[in-house]
Every structure is written in structure tokens, then in C-alpha cells.
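Order as written gives the chain letters A, B, C and D; numbering starts at 1 within each chain.
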Amino acid sequence: VSRGRLEAFSDGVIAILITIMVLDLRPPAGSGFGDLHPLLPKLLVYVLSFTFLAIYWVNHHHLMQVVERINGGVLWANTILLFSLSLVPAGTAWLGEHPRATAPVFVYGVMLLLCAISYYVLCLALLRVHDPASRLAVALGRDWKGKGSLVAYVVALPVAFVAPLVSMGLYIAVAITWLVPDRRIERVTGQDVVAPPEAD
Amino acid sequence: VSRGRLEAFSDGVIAILITIMVLDLRPPAGSGFGDLHPLLPKLLVYVLSFTFLAIYWVNHHHLMQVVERINGGVLWANTILLFSLSLVPAGTAWLGEHPRATAPVFVYGVMLLLCAISYYVLCLALLRVHDPASRLAVALGRDWKGKGSLVAYVVALPVAFVAPLVSMGLYIAVAITWLVPDRRIERVTGQDVVAPPEAD
Amino acid sequence: VSRGRLEAFSDGVIAILITIMVLDLRPPAGSGFGDLHPLLPKLLVYVLSFTFLAIYWVNHHHLMQVVERINGGVLWANTILLFSLSLVPAGTAWLGEHPRATAPVFVYGVMLLLCAISYYVLCLALLRVHDPASRLAVALGRDWKGKGSLVAYVVALPVAFVAPLVSMGLYIAVAITWLVPDRRIERVTGQDVVAPPEAD
Amino acid sequence: VSRGRLEAFSDGVIAILITIMVLDLRPPAGSGFGDLHPLLPKLLVYVLSFTFLAIYWVNHHHLMQVVERINGGVLWANTILLFSLSLVPAGTAWLGEHPRATAPVFVYGVMLLLCAISYYVLCLALLRVHDPASRLAVALGRDWKGKGSLVAYVVALPVAFVAPLVSMGLYIAVAITWLVPDRRIERVTGQDVVAPPEAD
């Protein structure tokens, strides 16, 4: 019940965030192919941010599948995660206009770090209301990938002052490691998520 | 059935409102850290409005959990609440640009007052179709926090003509009192909302 | 199953339409109360359009409660209704800037007429797959209110060339008649829609 | 379970995409009927894009009805489809301003091709986790219409350099062929989708 509505609200917010970023892909004034040229960095940054938000959606989806209990703390941890994710369109718009400048690359990294910390806090809030032997606790395990991402962001931030493109490379590398589906939870729920047609 | 769709529609509207506010966090023209400076008051007002909308979502969520009946009056009271909430992005955009001016602070307070009154009317509409011994009636109880918020807004409005920042402080104080989860309803539904994995 | 997703998609579209209209309530450049003055007609037109979209949502909600069958024709009739409703924000933005000019008032009326016709076509598409003795057919009955609204819009259109404010009055009058809950369907489903807390 | 949330997220994204396009139908500066004239091509392109997104929604809806299993690959194929669809508003905005110019017509075609390929990949990802005798495999069959659409887009792209309006005609022709409901899946699920009132 409660979990269903939490999922629905989170899905709604993430779906809106992932699509309003497209509002910054303004069509060029001219009508020639050359007029598209300045849009290219914006498009690439959009792809990166779309990927990050999609990763959060998929992970949130997997996480919620093994959740058994929710309390007020979980609701607020989830709200803070949604707030952090809501900064992504603004960060994307700035980075899309200055993809090689230190400040936008740094701010984009701070924003990714905030999202990662919020997600981590949500996991902690969930673990507090679950048994150490619960499917959730087993599925989360040691969370090497989550901790590795945090380290990568923390490294990328000072690097942005020297070589912003290296920081960008680190962000992209983190995204790629997450594109691999989360085996931890699939291990617990079974290889395929089965949704028989009569069960809807 | 009916309640589910009312929740879904309300969630959709609140999710959109909470995220379109981010469209006003336009990236600065320049690419330096200093260019972010004028964004700071906008960001703080955005945090405040995000918090208010999230509080309404959480309270609406808790309220609906104990609802047993819905009629046309409830539908319209809920619609008026959504209308009031829909004014939040406009009020936020104005206040974000002039966070110390009397008029935007006053209008923001009127908007918060409207939302609080609408929520109160929704509770009354629900109480009319519920038994005095129902879980809803017990959960709502005397509603000191709701009434206290109304008083705080009414006080903050004239204060905005003398000291707008004091009014802002009152708005923030109200938000903080609501961040504490609503024990009234948790008392009725049990400490944790249990959503067993097989029940979805 | 299918009906649930049709409702969810329709709710999503209507929720977005009803909220993106607020994006046109741009905050004034100045920070005084006088700067709000030009916003007033926009706000009133916004209230009218919000009310119309809310009426469509409530009626759609009531209608779907008695639907037993859906086919491809119903899906497309519903899509055409959503398309017609999607024109409301654009019509609202134009009318909000020129609330006494013939062309915006006329176009707003054409838009309302389109929505009403689409809703009527959706009802016909549903009746085609339902039995004349079905709850849907009984609930829809003679539909005097729907037909009366169509007549009011058709009258309002030529009137806009002579007295736009009279046309506006007609639009408002139609909205008011619909604010009364639809007894036809409540008669069939029972006075209160009961959603027991354990049934969600 | 999982399928339900995949549907809900996809519905949310498509509902937002289909409605934010309306944000580009900016009201004209003037208040006369003549001021609407330049909006006409924008409106027609909007109708075309609305139709395409609605077709994807209806087909996605039909497809999901026969899905029995989902895995990580399906989630990502679906995400790539949503990404492709998210480019539609930007392509629409550019084409709406230059409906007879080669570059916008070509880019619009590339965008439609991307959507079609993504949908095809999603079908392949689903077939990989379904039995050849499953309802899904039977329903998809040879997919002549899907393959024909791909061919039409591939033909339309070079044609845009010679006669952009012919390419536009091809896009419209493809849309019309899809407006006919997908008999392949209706054949499998039965002629009417029955949603009894007590089953919601």
C-alpha cells in the first residue's frame, strides 16, 4: 500500500525530471544542418544526465522490490533523494552551455555526489527498519559499487580545477559501471522478474 | 478504487508542481563560480517551497491511508487543495527574485494560508462522510498543529509590512514543525507501515 | 487491467496540463503590490481553465467507474479527448493576455467545443461496446447537461464578435453547472464511493 | 509487479512528452485572428508528433499486456526507447518553425527512425526472455508493419534533400497505417479488453 504510493510518487518525479531536461534542447534559430552544431555538447550532456536519472530509477525500482517496511524516516530520506535529483536539470543546463569550464563541471559533480549520498542515506534508513537477515539487507550487502561511486565523485571534484574533461571522464565511467544491472538484488529475487499476465 | 485514482491524480499534480519549480533555477550566463551568487536566494526559496509541497504530499499520503469513504464534495475539496498548491511555483518564482521585499513575502504567506485552509476544508469534507469513531476521526483528533500553522500564517502577514524577514522566519518555523512525522495517524495505523514483498 | 492503464495515462496527461498552465503565471518584474495588477486577468482565466480541466477529470473518473469493456476505438476516442484538452493551456495563455478581445474569446470557445465533442464521442465509443442495460448506458441516460453545454458553446461563438464578455459569461455559466456532481452516475454506483482501508 | 511499475514509468514519461510539446504553441503577440496564421504549421506538426507518441503509447500498452517476464535488458531497452521518444519535442519545435526546410525534415525523420529502431530492440529483448510459443511471440509474429515503417523512414531521409514535403508525406502515411489498431495482439487477447467493474 504505502510502498506502492511511494514508488508512484518517486516514479512521477523522476519521469518529470528526466523529460523536462529536454526543454533546454531549444531548436536553433536557423534551418540548416550547420545550425545544429552548437547543440551537440548540450545533447551529449543531456544523454549523460538522462542516463544518471535512469540509473537512479532502475536502482530505486530494484531496491523497492525487496522493501518490506516503510516509516516516516524512509519517506523523508526518499524526499531528500528526490530533491537532490531535482537539481539535475539545472546542473545539466549549465554544463551543457560550458562543458569544459571548471565551475559547471565542479557543480555538476557536487550534484552527483549529493544524489549518491542521498541514495546511501535512503538505504541506511531502510536498513534500520529491516532485519539483518532480510532480503533487503542481503541484497544491499557491502555495496562496493555505491561506495566506489562516492570515491570517484570526491576525486573528480578537485580534478575539475586542473582538468575538467578528466572529471567529466570520471562521471561517465561511473555511469558505465552502473549500466551493468545490479546482480546483488537479482541474485535475491531470481534471474528474471516474472510478471504473469493474469497477475496485473 | 476511487480513492486510488484520487491519490494517483493528487500525486501526479504534486509531483509536477514540485519539479516544475526547478525550471526557474535558470543557469547563469557566465561560467564562473561567482556567477552562481545571484542564484543562492532562489535556491533557498526553492528548498522552502519543495519542503512545503513535500509536507503536503506526506500528510495527504497519511490522511488517505485512513480514508474509508469519498464523495463528490471530497473530490472538489481535493481539487481546491491542488489549485492552491498549484500557485506555489508562481509565488516561489516571485519571492526567489525579491526575498526581502514586502509584497512577495506577503503574497507567499497568503498562498501558504490558502493551502492550509484548503487542506483543513478537505479534512472537514472527509470527516462529514466518516463516523466520529472512525480511524480518520480519531487520527485527526484536535489537529493542534494544523490550527497553529494557520495562526502563524495570519500573524506573519501583517508582520511582512514591517519586517519581511521575520515573516520568512515564521514560514520556516512552520515547515520545521511539520517535518516531524504525524504521530496522530501513525498511532492509529501502527508504528511502521508494513508492505510485505508479496503483497504488491 | 487495460482500463487501469487508460485511467493512469489520462490522469497523467490531465495532471500535467492542469499544472503547466501555471508556467504562464510569470512573476512580475517589480517587487510591489501594484506590479501584480496585470496578472489579475491571467489568474482569473487560469482559474476558469483549471476548473474546466478538473471537471473533465472528475467526469472522466466517474465515467470510467462504470466502464466494463474497452477496445481500440475507445483508446483512440480517449486519445482525441486528451489532444483536445492539450490545447487548453495555449488557449488560456492567449485569452489571459487579451480577455476582452474577440479572437481569443472565440478561439477559447472553439477549444471548449472541441473538448465537449471529443468527450461526447468517447461516450458514444463506450456505448457501442456496452449493453443498453449496462450500468454505463443507464448512467449516461439522455445526457441533457452534455448537450446543453454544446448548445451554450455554439451560441457563445458568434456572440464573441459582438460582445466577448457575454461569451465569457456563457463559458463560466457552463462551468458552474458542471461543478454540481454528476448525480446520474452516483445514482448507479451508490451515494458514496466506499473505499475500505483494507482494499487498497 | 515489476511490469506494473515499468508501465507506470513509461506512461508517465510519454504523458509528459506528449504534453510539454504544447509549451511551444506560444500565443501570438497580437489579439486578432490574423495573428494565428503563423501558428498553423506549428499546430499541424504538433498534431503529427502527438499522433506518433500516442501510437507508441497504444502499441506499448498492447505489447505489455502479453509480457510475462522482464529482466535488466528489457528495462534498459525500454529506457532507450523513452530516450528516443524524449527527442520528439525538440524535433517538433524545430520542424514547426521550418516545415519545408531539408534539415529539420531530415532530423525529424532520423528521430522517428531512432524511435522505431528502439521499439524494435525492445521487442527483441522481450522475445529473448519469452518462449517461442508464448502469447508475446505469437502476437508479434512477422511484424510487417514495424519493418515497413523502418523502410519508409530510410527512404524518406534521402528524399528530404530533394523534396522535403514528400518526406513529410511519408511520415504522415506511416502514422496513418498505425492508427489502425494492432490486430495481431487483439487476436491473442480477444477482441475486446474486458475490465469488469469489480476487478479494478
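Things worth noting here:
Here is the rule we use: contacts are C-beta pairs under 8 Å (C-beta built on N, C-alpha and C of every residue); 3 or more make two chains touch, one makes a residue touch a chain.
Computed from a predicted model, the values in this text were never measured in an experiment.
Chain copies chain A and chain D are related through a rotation whose angle, from the C-alpha fit, is 90° to the nearest 5.
Of all chains, the one whose CA centroid is most distant from that of chain C is A. The centroid of the Cα atoms in chain B and the matching centroid in chain C are 26 Å apart.
With centres taken as mean Cα positions, chain D sits 36 Å from chain B. Multi-chain contact residues of chain C (touching two or more other chains) are listed as 1, 4, 8, 12, 16, 20, 23, 65, 200. Residue ranges on chain B touching chain A, taken from their complex, read 7-8, 11-12, 14-16, 18-20, 22-23, 25-28, 31-33, 35-36, 47, 50, 54, 57-58, 61, 65, 179, 181-182, 186, 191-197, 199-200. Interface residues of chain B, counted against chain C in their complex, comprise 1-5, 8-9, 12-13, 16-17, 20, 23, 65-73, 75-76, 79, 82-83, 86-87, 89-90, 93-94, 97-98, 101, 103-104, 106-107, 129, 135.
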